[in-house]
Amino acid sequence: MDNILVMKNITKSFPGVTALKGVSFNIRRGEVHAIVGENGAGKSTLMKILSGVYQPTSGEFFLDGRKVSFKDPKEAQLSGISIIHQEFSLIPYLNSVENIYLGREIRKANGLLDKKKMREKAEETLKRLNADFDLNKPIAHLSVANQQFIEIAKAISIDTKVLIFDEPTASLTGNEINNLFKLIETLKADGVTIIYISHHLDEIIHICDRLTVLRDGEYVDTKDVAKCTKQEIVKMMVGREIINVFPERPSHHQFRNEIRLQVKKITNSNVSDISFDLKKGEILGVAGLVGSGRTEMVRALVGADPAEEKEVYINGEKATIKNPTDALSHGICLIPESRKTQGLILDMSIKKNISLPILNELSNRLKIINRKRENNIVNKSIKDLLIKTPSSMQKAKNLSGGNQQKVVLAKWINTDSNILIFDEPTRGIDIGAKEEIYRLMRDLADDGISIIMISSELPEVLGMSDRVLVMYKGRVQAMLDGKEATQEKVMHYATGGVNQ
Amino acid sequence: MNGLTMKRNYKEMFKTPEMLTLIGFFVLCIIFSVVSEEFLSLTNVSNIIRQVSINGILAVGMTFVILTGGIDLSVGSVMALTGTIMAGMMINVGLPPFAAVLVGIILGAVIGYINGAFTAYARIPAIIVTLAMMEIARGAALLYTGGYPLSGLPASYSFIGQGYLFGVIPMPAVIMIIVFVVAYIILNHLPLGRYIYAIGGNEEAVRLSGIKVKRIKASVYLISGITAGIAGAIMSSRLSSGQPMAGEGYELDAIAAVVLGGTSIAGGRGHIFGTLLGALLLGVLSNGLNLLGVSPYVQRVLKGAIIIGAIYYSSIRQKD
Amino acid sequence: MNGLTMKRNYKEMFKTPEMLTLIGFFVLCIIFSVVSEEFLSLTNVSNIIRQVSINGILAVGMTFVILTGGIDLSVGSVMALTGTIMAGMMINVGLPPFAAVLVGIILGAVIGYINGAFTAYARIPAIIVTLAMMEIARGAALLYTGGYPLSGLPASYSFIGQGYLFGVIPMPAVIMIIVFVVAYIILNHLPLGRYIYAIGGNEEAVRLSGIKVKRIKASVYLISGITAGIAGAIMSSRLSSGQPMAGEGYELDAIAAVVLGGTSIAGGRGHIFGTLLGALLLGVLSNGLNLLGVSPYVQRVLKGAIIIGAIYYSSIRQKD
Amino acid sequence: SNNGEGSEDGETNASGKQLKIGMSFQEMNNPYFISMNEAFQEAAKSVGAETIIADAQHDVTKQINDIDDMIQQGIDILIINPADSEGAQAAVQAAHDAGVIVVAVDAQAEGPLDSFVGSKNYDAGYLAGQQMAEDLGGEGKVAILDGIPVVPILERVEGFKDAISEHPGIEIVDIQNGRQDRAEAMSVTENMLQANSDLDAIFSVNDEGALGSLGAVEASGKDVWIYSVDGHPEAVEAILSDGPFKATTAQFPRDQVRVGLGIALAKYWGAEIVPDEIPIDVKLLNKENAEGFTW
């Protein structure tokens, strides 16, 4: 077989953690190769080594039969390996063109930047991706999906032999994912080898030729995708069978008719005239395409962003919510979509992150924090949510993405709120952990907590929701009953369709 | 395994910036006590602590501000203004020292709160707000006194700045230690302290946690105003007068103490006792160089070089 | 749709911080020209530009540094040191003015590079490195001159600081404009400029793009050292002497100009012509207050209040 | 303290406008310069002139800028108290070129000055040194608390050293810089007392520094005597209180301005010949004669 990449005994240690332990396997020329594994299995770390971000502690790898070692990402790029990182690496205040050509600027003969040429070439590249947006805007003002396109454009605008995608679909929905798949097909046809990391096994089955499983930093196996079922893959990853990720919905709803939250006419620059209600013990799924304003709606609801108009009633009583503090005092809390920029204080320990919103409750009359109670609550959360960490004193930034997400969940669940709003709660989370999070949400609902769950994963919305609210262009397009909702129906409304 | 972790923690403790400042501090002390016989005498040690106290107290407020990712350039001027107002309250208004000091500290708090309000609520960069306040407070002190130092303070007032507790511990040092202990409790045992660290780490995450970020951001400047007021009391008592031009450049010394003490200038990380160490290190440095009779010009060069050297050395150690 | 975008851009342009400083600048100019008849006279305008030039030039280097998220507190001292060295080269060594200025600017570049190396390679916070360098350079200037100003410069040398181009445009202003144009080209038309903005936006991402971040970070301090050297030349020529104590506090004026000009103190955003505006605004402010005969103490208060006011006003406008 | 109100019948210049006099101070944060300003305002008022003042805050560049702005306002006379002799040259030149009469007070300035009025600073140091030597009985260890290196200060130190050199029994054991600042001087003196346990006396280049030293000496409980230059009200008070502060050589800031302004006016009225330099006497103040002295 013609192997483009050969890895031999790659080991990588960080202070206190060995992320990779003697990993060896091969990538064939021209294939789409998936890497799967639980959160913290070492996928991203391995990719960072291949792309020159990290150097391995020991071990070696060969590109086209030649032993290589990259001291920085540029060297890797020049040798033909590019990566689209799991965490975006864009410059917020530069525009799209400037980001795409960062470090590879095209110059005129006189040495000055050739802005026109770069712009034209960037437009060309983005056309290949079927992406269309204002190239002059600083990318901080673009939606997450569009930022993702810039990342991809950046990588494919270089001639590359191996292109690594580290969870590219985590912030994409429907159409955009299809565009991405088409792009991957084209790249493959052009002879580019692709390494693809994702927690979405359907995607992997759809586009990958082979897959490699990592578990706890160790190599488990490499298989032809065609020759294995989803069940088998899950078992290799998690080490156990997962039959049904979504917990049973209760057949009869014990709190059916108690309305807990009524929202009327939320309007601001991103959303208009949003009204709905939420029952006690209900899980309300919110579906919609990227940019449909789901995040904006809930941010306006909890007062994280201003609203021009808004009426909120809790248990029938009018509530004034001007900021997240008010929301919390009314028992509403928003678990934000971006764990790094909105959820965590990366330099703080897991413990201090989890206890942050409840410090007042953990303090005595003199306002002194009761350390013992704090430890108890935190340790319980770590245990309940199976957060994988050497200790509660570990800094949040040293956790894998999935475990960071669990810390974020723990942080807000402990506030004892009646209304929990989850914005993309399982983004980037492995299937085992997802199952736990779904279980947790269902248990909370069964205890009478009301839940709003925004998700870009339709199966998740369909599998969990009692009702589904579909948004389109900042408005409520439809409210569907959970049992009647189907993939087709939701997509119909999400793309602007009206009553069938 | 547990023993190993212990050992590792123990080893890592020696790599924290505070610990390195501590080592630097002891190294300096050893050098100075070898080359100068007076250095370790009781009177000199109490000398050093007294000299350090004003900068130490200002640096406490500065630590709060820097932990949130801010900066307060107005502390020197605010100290001068509060000091002259205190003197004025005693001399012209006839308030008793205690009341006059209170008025001055309240004034410091108000000015600090104004800094904080513009920074937190109006979102103007702290460096600009406090730079402007530095000019305003200095101008106000000069206007209030007409440029003259205000002298003729009651004799009893000199106790704060010149007196001794139990006959040996200089009062400024006592006050400084109280300020540090209070700061320690706030930062390490109260929710407020956690919030301050957290805001320096990720403000948006704290806001979404339902915490009133702006109020806390404003409060750190208020705290810095209070410490400037306390320093103003000590200063006016030490100089037996309200000096409108006192404290020029003190903001930079306070920042140096905080950063030498290992607090990240970007906020979110640091320790209040690191700041104490930083202030002591700076104090020992200038005392020692004075004792050795080093020329003032050479002192400036050495002081700068030693600060860079100390931090450079500590940064190398941390990387190992 | 396109028309709409255009319109929005046009409206948004008026909300950029630079634009607001521009408005503030014109408002001040109008007020001063109404209340003082001398204000808009040709000689006074050339006066203002000359007065602004040293701060403007320092602020150019400071803009580079701040765009990367750094800070350079040493510019005032470095200006004094390079100015005294230039004077020394002419007086004691007998170098011709051109060569002496070159020596001084190279010295500025070297000092700047040292700042940059400690900041970028040794990862010591810029505020500490440059604070220490501020002391070192000041001490070195005092040592070199023995504390006395160095006088006896060749008459031809006065052209740089006191001469006029075409008999009307003050030379310092000409030099300042050249410096701004060069800075504009670097920042907007060379990759280096891109990288400087990018580093201020997301340093890690720039590193991942394979750009030598450390080298670029070091280079901005080098640039700031060069501008300090240029300012040193103008200063020594204006003062007909090398003044070891010149430039105290100038770092803060330079920072004020940069931030008033709309550059984010956190880096990544800003424009060099905003800095020019910021410097002009500060210059007009102090010239106008002088012309109005405002008392020096009140001037300090007003200056601070107007700076805060201007930025506050601009921040409100931006929020609309 | 800005535009002094000129009376109707006040002094007017050739074009019939009211006489304008500018005074640029090196600093205005100390009673010495404030009393100078008071004398200046009174004197200018008595001739019905408009006044403009500026505070250079020790920065010569700012002083040049301030003076440029005064020239814009059309001053006829400039009284300059230079922050630095050399550095002020451009300002003196610019004023001169604009036809302004320029007189320096308190410290010399380079350039085409019409006159200079200043204290006999060498004498000030010398007199203080003499008194110290006398009080010590010609024997002891003494220290100098130096200041900002400008000519008047350097002259005081020189005068002091010359006086001491006439007494071989007295040894100068330490020279430190208190930057003429009270707080700085206090810390420096504390260290000085520490380093020299057998110190007998300190000479400070100005009273502001001496008052800082006084605090340190009193706190240490040591018997160290202080000598200085200036005649600051607090120094006078300290000398009379019979503490460690023994003597200071007083300057006469008001008279310097009065004489300086007088010369400038003479020039303005057409005098061709005026003295280039007018030294103003200084006077030693000790316990016997300090009573009642004020600037």
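Going in written order, the chains are labelled A, B, C and D, and every chain counts its residues from 1.
In this section, a residue touches a chain if its C-beta (ideal position, glycine included) is under 8 Å from a C-beta of that chain, and two chains touch if they have at least 3 such contacts.
Here the structure is a predicted model, which means the values were calculated and not measured.
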Chain centre separation in whole Å, for subunit B relative to subunit A (CA means): 43
Approximate Å spacing (C-alpha centroids) for the pair subunit C, subunit D: 34
Whole-Å gap separating subunit B and subunit C, where each centre is the average of the chain's CA atoms: 29
For subunit D, residues contacting two or more additional chains: 28
Per-residue multi-chain contacts in subunit A, two or more chains: none
Multi-chain contact sites of subunit C, meaning residues that touch two or more partners: 142, 147, 296-297
Chain contact topology (line, ring, star, complete or other): other
Each pair of chains that touches, named by its two labels: A-B, A-C, B-C, B-D, C-D
Interfacial residue positions of subunit C with respect to subunit B in the complex: 73, 118, 122-125, 127-129, 131-136, 138-140, 142-143, 147, 252, 255-256, 259-260, 264-265, 296-305, 307-308, 311-312, 315-316
Footprint of subunit B on subunit D - complex, ascending: 28-31, 33-34, 146, 174, 176-177, 181-183, 186-188, 190-192, 194-195, 197, 211-212, 215, 218-220, 233-234, 237
Residue ranges of subunit C touching subunit A (in the complex, touch as defined): 5, 185, 189-191, 194-195, 197-198, 200-202, 204-211, 268-269
Residues of subunit B that touch subunit D when the two form their complex: 36, 38, 41, 43-44, 47, 50-51, 142, 146-149, 151, 162, 235, 238-241, 243-247, 286-287, 290-293, 296
Residues of subunit D defined as touching subunit C within the complex: 1-3, 28, 52-55, 57-61, 64-66, 68-70, 72-74, 84-87, 89-90, 93, 110, 148-149, 154
